[in-house]
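Per-chain numbering from 1; labels A, B and C assigned in written order.
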Amino acid sequence: MESEPILVVENIKKAFGPRVILKGVSMAIRRGELKVLIGPSGAGKSTFLQCINFLVTPDAGEIRLEGRPIHHSRKRELYAYRQQVGMIFQDFNLFDHLTALDNVMIGLVRVKGMDRKSARERAMAEIERVGLKEHAGHYPAQLSGGQKQRISIARALAMDPKVMLLDEPTSALDPELIGEVLAVIRDLVANGMTMVMATHQIGFSRAMANEIIFMEDGLIVEQGPPSVILSDARCERTKEFCSKITELYGEAS
Amino acid sequence: MDELLFLQDEVVPALLKGLRVSILLIVPSAFFGLFIGILVGALRVYGSRPVVFAADIYVTLFRGIPLVVQLFIWYFGLPYLGIYLSPFTASIVGFSLCSGAYHSEYIRGALKSIKRGQMLAAQALGFSKFQMVVSVILPQGLRRALPGCGNEIIYLIKYSSLAYMVTCIELTGEAKILASHSFKYTEVYLAAGGFYLGLVSIAGWILHRLERRVAIPGFEHHRG
Amino acid sequence: MPEGIAAILNALPYLLQGSFVTIVVVIGAMALGLVMGVPFAVGQVYGGPIVRRVIGVYVWFFRGVPLLVLLFLFYFGLCSLLDINLSAFTVAIIVLGSISSAYQSQIFRGTILSLPEGQLKAARALGMSDTRAIVFVIIPQALRLSIPAWSNEYSIVLKDSAVTYALGVAEIMARTHFVATRTYQHLPLYLAAGVIYLLLTYLGVKALRMIESGTRIPGYTR
């Protein structure tokens, strides 16, 4: 394993008016690692992920990608950085007026400036990778939730991201559709993608994550390998939460 | 300095004179229009088939034909049938009938949005159909229709300027006369525009107050 | 009444030419309103406080002052004040278009605000600048959703175009009045004009409905 982390996030703070969401959260992730964020709703996981690619501007803190600090006020630098950090949303956020193929192509054509033909080839390759070749011409409203999420993963992958952020990618899905999305994510792990993922899929995390980070009230309470956090946590709150979600979401998948 | 004197001595008095006529046009037209709108709106929801059909035709015609054409029909057209209306009367007739057609759309929508249970409850209490409409349905329906109808009254204020086209000299007419005598077109028309903006803003403010005043907690006006 | 019918039949070609003028004025005004209304709406939703304030005043002015007063103000007032020579036809399009831009900006503003916030977020997450996100993601969706309100706006602009007769634009209304004062068949001719307007409304709304179903996104319901 390399010694230098690919993405370093230091002391991120964020408040919306009087409500303090993040009280100083830090994280460092190495190439090929999967870090899973868990914690009760309102813990700040989603805000934290959105701060990492500046969809929410942090009040304080620093972010370094491959050692270079990101200046989010410089627009060009920000846009270039975001291309290298893929984002998967809980509610997919596919562009509703575009077909699956166009959704995957739009970033290549409009952001990377690729010509339409090569963009199309690249987009088709990504769509095939998530197993939706025959749905490429469909519009988001014609796809199931699981298919939408797989297309949104293809859209992010097409940009060749160095890191991917996944914000509860399966929590808006019906139970029977969760498996297909987790299968795609598992495939990404196997191919060495670096990822930070907020999820309640405990079974998946136990099997795949290098580290689980337990957050509460805008702070990291405890972090460590899944075996420790899930079975042998030091902190009482961590234990309590883990047993609750294990009960709720089970050990399956 | 000349400009200010001109404004004070000529523009303002003339426009105030016109404003008086405009208000005399707007107020009765708004009143009649609303009355027609409520009547037609209720008929379109609760009337028998032929009545609904007739009311729909009225609304289609009066919403579909430009107001200027309607005014010309009342003022220049009716003498063809031996009926002579003064410019003032023709304008009020035209405004009321056109406005009523628009109001009826809002009233109809509001009445239709009232839940069936409200009517069943009234019937269960032994209300006659008429009593039910007056004491249960209209109080709810009019509240829901208020934003739309208020908007229509604001349109009426602006469209009252069209009375000038059938030679009824109101605010716009006075402005036109003054402007062509003094050749100070821009100043005079801007001043007239200011008067209308004032009227529209006051009406908007009153309607906003009224909406808040009659609001019932938890009774949604805009969307369910 | 037979004279009335004869008068209508005689005047019909002349009135239909007027319809052509009316249609050009309406299409010109709607297009101008669209070209101005979209940036105004974007400015009102995404712009800073000053931009929003300026657009707000513009909208307030053009929605508050009657069309007839604006026509007189532009044609007799501003044109001579600024010493530009514009035809009544051009002024009619400019004034109707400016008013329509105020109303259209409010239509687009409403549809932009109705789009889920995630659309903009997802575009930003791909590394798009806000300008690109608005042009390629927000506006294409907002325009589609605006078509029903647009067909309403069309029927309003069409009816308002009759007022441009006051400047002497040779549209339906002006021609009808011209024929009526010569033949004394006022009532039948105005009724005929009314029917022409009803037809134009019907055709326009129908055309927009076709555009709406042609640009509809499969499976997308709102």
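As a convention for this text, contacts are C-beta pairs under 8 Å (C-beta built on N, C-alpha and C of every residue); 3 or more make two chains touch, one makes a residue touch a chain.
No experiment lies behind these values; they were computed from the predicted model shown.
The remaining chains, with chain C left out and nothing else moved, group by touch as A | B.
With every chain reduced to the mean of its CA atoms, the largest distance from chain A is reached by B. Ranked by how close its mean Cα position lies to the mean of all protein Cα atoms, the top chain is C.
Per-chain Cα centroids separate chain B from chain C by 22 Å.
Note: centroid distance chain A to chain B, computed from Cα atoms, is 56 Å. Chain A and chain C, compared by their mean Cα positions, are separated by 46 Å.
Across the assembly, chain C contributes no residue in contact with two or more other chains.
Chain B meets chain C in the complex at residues 60-61, 64-70, 72-73, 76-81, 158-162, 164-165, 172, 175-176, 179-180, 185-190, 192-193, 196-197, 200-201. Of all residues in chain A, only 50, 53, 55, 75, 79-83, 85-87, 89, 91-97, 106-107, 110-111, 138-142, 152, 155-156, 159 touch chain C in the complex they form.
Residues of chain C touching chain B in their complex: 60-61, 64-70, 72-73, 76-78, 80-81, 155, 158-163, 165-166, 173, 176-177, 180, 185-188, 190-191, 193-194, 197-198, 201.
Listing the residues of chain C that touch chain A in their complex gives 116, 118-119, 121-129, 132, 136-137, 140-141, 144, 217-221.
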